[in-house]
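Every chain is named by a letter (A, B, C, D and E) in the order it is written, and numbering of its residues begins at 1.
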Amino acid sequence: MPETAIAEAPAKAGTGEKILQVRNLEAWYGESHILHGINFDVNAGEVVTLLGRNGAGKTTTLKSIMGIIGKRTGSVQFNSQDIIRATSDKIARMGIAFCPEERGIFSSLDVRENLLLPPVVRAGGLPLEQIFDLFPNLKERLNSQGTKLSGGEQQMLAIARILRTGASFLMLDEPTEGLAPVIIQQIGHTIARLKKEGFTILLVEQNFRFASTVADRYYVVEHGKIIDGFSNSELAANMDKLHTYLGV
Amino acid sequence: MADEFILETEGLTKEFAGFFAVRDVALKVRRGSIHALIGPNGAGKTTCFNLLTKFLKPSAGKILYKGQDITAMAPADVARMGLVRSFQISAVFPHMTALENVRVALQRQHGSSFDFWRSKSVLNRFNDRAQELLNDVGLSEFANTPAVEMPYGRKRALEIATTLALDPEMMLLDEPMAGMGHEDIDKIAALIKRISAKYTILMVEHNLSVVANLSDIITVLTRGQVLAQGHYSELTKDERVKEAYLGAGHA
Amino acid sequence: MTALTDDTLPVTPRAIRDEMIVFVVMALLLAAVPFSGIYPFFVMQALCFALLACAFNLLIGYGGLLSFGHAMFLGTAGYCSAHALKVWALPPELGILVGVAGAFVLSIITGYISIRRQGIYFSMITLALSQLLYFVYLQAPFTHGEDGIQGIPQGRMFGVFDLTKPTVLYYVVLVGFLAGFLLIYRIINSPFGEVLKSIRENEQRAISLGYRTDHYKFLAFVLSGTLAGFAGSLKVFVAQNASLTDVHWSMSGEVVLMTLVGGLGTIFGPVVGAFAIIAMQQYLAGFGQWVTVIQGSIFVICVLTFRRGVIGEIAHYLRRSL
Amino acid sequence: MQALYAQLLVGLINGSFYALLSLGLAVIFGMLNIINFAHGALYMMGAFVAYFLLSLGGINYWWALLIAPIVVGVFGMILERTMLQWLTGLDHLYGLLLTFGIALIVQGVFQNYFGSSGLPYAIPDQLKGGMNLGFMFLPIYRGWVVVFSLVVCIATWFLIEKTRLGANLRAATENPTLVRAFGINVPRMITLTYGLGVGLAALAGVLSAPINQVRPLMGADLIIVVFAVVVIGGMGSIMGSILTGFALGVIEGLTKYFYPEASNTVVFVLMVLVLLVKPTGLTGRAA
Amino acid sequence: MKTKSIASFLLGTALAVTTAGAAFAQDKTVKIGALSDQSGLYADLGGPGSTLAAQMAVEDSGLAAKGWKIEIISGDHQNKPDIGTAIARQWFDVDKVDVIVDVPNSGVALAVNNIVKEKNGVYINSGAATSDLTNAQCSPNTVHWTYDTYMLAHTTGQALVKAGGDTWFFLTADYAFGAALERDTTAVITANGGKVVGGVKHPLNTPDFSSFLLQAQASKAKIIGLANAGGDTTNTIKQAAEFGIVKGGQKLAALLLFLTDVKAIGLETAQGLNFTETFYWDMNDQTRAFSKRFSEKMKNNAPPTMVQAGVYAGVRHYFKALEALGGNPHDGVKVVEKMKSLPTEDDLFGKGEIQPNGRTIHSAYLFEVKKPSESKGPWDFYKLVGSVPGDQAFTPLSESKCALLKK
């Protein structure tokens, strides 16, 4: 396998300026060193996908950006501000929102409480009507307990609740995990629509078939490093390489 | 039947607050085979595993091991019947040396685990066997290293050596390759292949190429249910599997 | 749940020879006490508490279980021994046996109840059980409630050693302490200790290897309780009384403090901790309730900055187990 | 039969204190994962603040009900900020040890300055006297204690289960990291929660000041009973700890009537029985 | 294990120091250990005040001028028998203490009693209530000053029954001291034609007495006898007021109550209570004079309690014995024998004697707590309602089981 570390972003697919710049990001879980120097960029209005095997460090990358990993070094520039030392609540208030892999629906809260939990941090979030328009199921189930929802509904709730905060940069960790194809399709449509609304999205996916329907660019993570990167148009050409990288 | 299949489940179900992590799974593991359980993230593989080894209580269904109903048994007792598991994240005893790790497993069957009045030097009689097991998994030179100081891949190997020390009839391996680099993966795969001559193996694995090479039979889980079952070559032709595993929009 | 002492343990394997050297030095120093002019009763009392702390440490340092009720074993054995000596007029060796047996039975009962829960629940249950026992002893006729059992005859050990002589008593207590200490050391370094250690390190894994971990924790609890009882029986000969103090929860707290100061999960820590705390109580006694305040402050300081304890820090520095 | 009713009512009064204290413990445990051993000492501080307010500042009981929980709550928040917060991520037994140390310090300081015997605190004039219920003479103050603590308990329950703030709190109990990543200042919330739990203890202290004497050790023995209450109830839910608190007060009251010698031990005996049948407690989640 | 030298009273002259120990018989060194509860339940009634009382006794004796070298150390037994015995043992072994004074808390007092006997020291107990000190567990080294359970029961019990309180209900602390008080009082009540209609035992340190008070109320007894002490007594009294028990016509009899307890309860609640003490600061000119000097030296300006007064009187009497012996023989039995042979007389307790069993005999007084309107000062609490001569108040020697009497 080629160990080509690529620091510079490949050809820009998005139109806007660099909204996120990650340089030499290293992170630790307790004693174990997980990220060994991650470098990549995200431009405003793009959907960027991190691909990689289980345990490669994709989720850790998102969590490091969000500031919820104990020890991290390097630099993370968000809108030209370095946030590597900021606490996660401050980072959230700067306009980054995170939807975790396990979705994090709170069982002791009902759907309405779950939906309203993240505070509005700045103007420009989607109003509730628009969210219900995107996810009509949620409106019907506002008073159910959060974890009584189906897996798909939980995922929609998890995405829905970070839309009203006003954050313009969304990080979604494996939103399709464990979901039925028809739901996956629906999530794909949602992401596409969010992109149209002007959101910038950083996606972690194993399912690159799904990713290919929404992403502008890809980075491949292995052993806590970015080892490759290409745009959506280059995907087909990189297919074989990808199979080796991901072991699927 | 009981002879042919070492482990069978009927209608195995686990519900978490309305969410079915595992639903109505019927699994039959043939004695002496390497059986792989695959599926996308969140398909319920690990839950299934925890049910089989009794670390979780099933909401419904039955588990038969060697023809005996083990549904209501405690996890330690299941292990004592020769059904031993490994964990997704490496499970070693960090502040004990590799040799001591293996010895703890040897000790359970062969000796004096409640003897608090004897010196632990009586355990030295297990040293040869422990060293042999370490050699088998390529850890000869690590015998006196505390487990916490070993590299990740070595810890996984140590875990397998510890499991082998119990001389189980069946091993359940939960993502034995998770978090490993290529070199390690090949080594562990070879090791699994080698030990499968003696033991029945049920493994959860994400790495399809590993599964393809190793396993005799594969069960595909999605959303807690069995989607398909068969040999790799059969499954690759199955459209449903491709779609579930590789995702919608597959060309 | 992560083990309490995870970050406090030295990672180097046990150096049994080093530990035996330290042990011999400790034994010689203690044996020289009667010739030193140090008040022997102070040392005897400290030895009893040191043994108690070592027994407690067996449970938390090697079993990962924080008992907040260890005074109940100390006190129960004390009452049993005192009663046997005073009312039944048994010789000292049998008196000790009765006390230890009492603690043994108690630890079986309380262990059966408490071992089913872990972590803080275990601590709260042991605390509540010891408080239950406190009230029982407060009202039971044979303990003489608030007055305690007083004026306990010391007698002749094995018909030979006259325990009313302070020097003889001192050596008997010292031998008892050293024997208890060595037994605990042996337990830690036994096949059983090995399993116990593996359970503390990774209980899930131990279960998956087929260990019924509750049984091992239970045995550790019973051993710890019984040895704590032995300390209580010895203490009866030193103090010549048995009172509610020894069953009160503040005594349980003191034992925790001694072990914490010395170093949880270290071999010699509890001994050092016990001597330090007893000496502190002795020399700071004039400050009245400030002693409580100082003890509380030591708790706070230890937990916040000094979790390894005195011996733990030294061991960590030397990268040796002590 | 009349005497029985009277004892039931008296039990309910004690239950009020158990409920307020175990409620505070449960709230703190939920957020901080700490069994607050200092709870008894802070309960005592509540009573002392009321005493100081009256004897030094001439400030009456009603103001004390408001001021004492705030003062002690702020004190608690300082403790949390300076000490407890450093324990995040450590085994929660360290929390138990730390708060035990804090309890020793607080109690020791008060004992030094005020001795162990009690200081008097009079029942406020408005609540003096009693009424004849037919089956008993109920001092108005005791009736007030039951009613007021019920109101406080229900208000706390409402705050936590039914409000926006409570939703944040519940969410942070489940997954503090994620809640913080939503932009909520969780450390501040933890501090405030500790203040709230401790404030409840102080409130109980003020309530008890006119009934019991204001003594440095008034909370020390009570807290162990409350621990037993908590083990029985299992700290699974806010409502659970309130109900268990009141129920055990009543059971204790009945014991005082039928077999007074056991009144000190009945809660512990009950704890043993519950543990034998249901090791996780009545409403408990697994530890 | 707790000792401290609060004050080293090196009262001797340089000459005395150089000659000290020169001749055994003329040994004029004395070391007094004031062992008390310095910070707990009994700290206010004994504690630092008892040490002060002992110091004043030393000063008032004028022995320093006669070449005596007297030192006082004090210790805190924390109400724990094992700590008390450990201190006592160390005092004798290491610090060479001659006499231990005060020691409130019956449990500790009895434990220390054994040690003093073993080490042949002198024990002047003032703080403890148990009459066992001069009865079943009497010792040739012990003098018990001030009060005991028998005296309390007899004086209070007899007076109240005679005043018409002939039906009793007991609230008894469930331990030896409480049981002894109840037993002794019951004997007096029945002997005087009264009746005990019921009782309830409560655990020690009960915060809440309401259930027990409800039972006492239901019994309709005229007198509710409180056979308990300290915080339990004050709590019972306060809560009884709350439940309107006194207003309902029943009367409370506190069998053991101290000045400091009344202070804690407050006159508003305590008014009308009957109880027995053997000393009150406001009895006569001598007691007032002593109390004035005493309170000036106290942190909170409190006058002496009867326990502290007993320490003063006991130490003064001890010095009389030493002077009579012409030096300190450091032999406890010998000194106590001398103390018993001399009649007692001092400003605080008046005239009396020490019986062969070690019991000091002096008058006992029945008091009633004043109404707030009657009180003229911060410590003006008591009204004298009766007195009993010493020989009637304490255990008659014929009833005593003390082994010393059988010689």
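Quick note on the criterion: contacts are C-beta pairs under 8 Å (C-beta built on N, C-alpha and C of every residue); 3 or more make two chains touch, one makes a residue touch a chain.
No experiment lies behind these values; they were computed from the predicted model shown.
Both chain A and chain C are touched by B, D.
Note on connectivity: the fewest chain-to-chain touch steps from chain B to chain D number 2. One simple way to say how far apart two chains are is to compare their mean CA positions; for chain D and chain E this gives 38 Å.
Centroids built from CA atoms put chain B at 32 Å from chain A.
Chain C and chain E, compared by their mean Cα positions, are separated by 38 Å. Between the CA-based centres of chain A and chain D the separation comes to 44 Å, rounded to the whole angstrom. Multi-chain contact residues, meaning those touching two or more other chains, occur in chain A at positions 107.
Shown for chain D are the residues in touch with two or more other chains, namely 111-112, 261, 264.
Across the assembly, chain B contributes no residue in contact with two or more other chains. Pairs of chains meeting the touch criterion: A-B, A-D, B-C, C-D, C-E, D-E.
Residues 9, 11-13, 183, 186-187, 189-195, 197-198, 201-202, 204-213, 215-216, 219, 223 of chain C are the ones that touch chain B when the two sit in their complex.
Listed in rising order, the residues of chain C touching chain D in the complex are 1-4, 6-7, 66, 68, 113-114, 116-121, 123-125, 127-129, 131-132, 135-136, 138-139, 249, 253, 256, 260, 288-293, 295-300, 302-304, 307.
Taken in their complex, chain B has these residues touching chain A: 16-19, 40-44, 152, 175, 178-182, 206-210, 222-223, 243-251. Of all the residues in chain D, the ones that touch chain C in their complex are 35, 83, 86-87, 90-98, 100-109, 111-112, 224-225, 227-228, 230-231, 261, 264-265, 268-269, 271-272, 275-276, 279-280, 287.
Those residues of chain C lying in contact with chain E across their complex are 39, 41-42, 45, 135, 138-139, 144-148, 150-151, 239-241, 243, 245-246, 278, 281-282, 285-286, 288-289.
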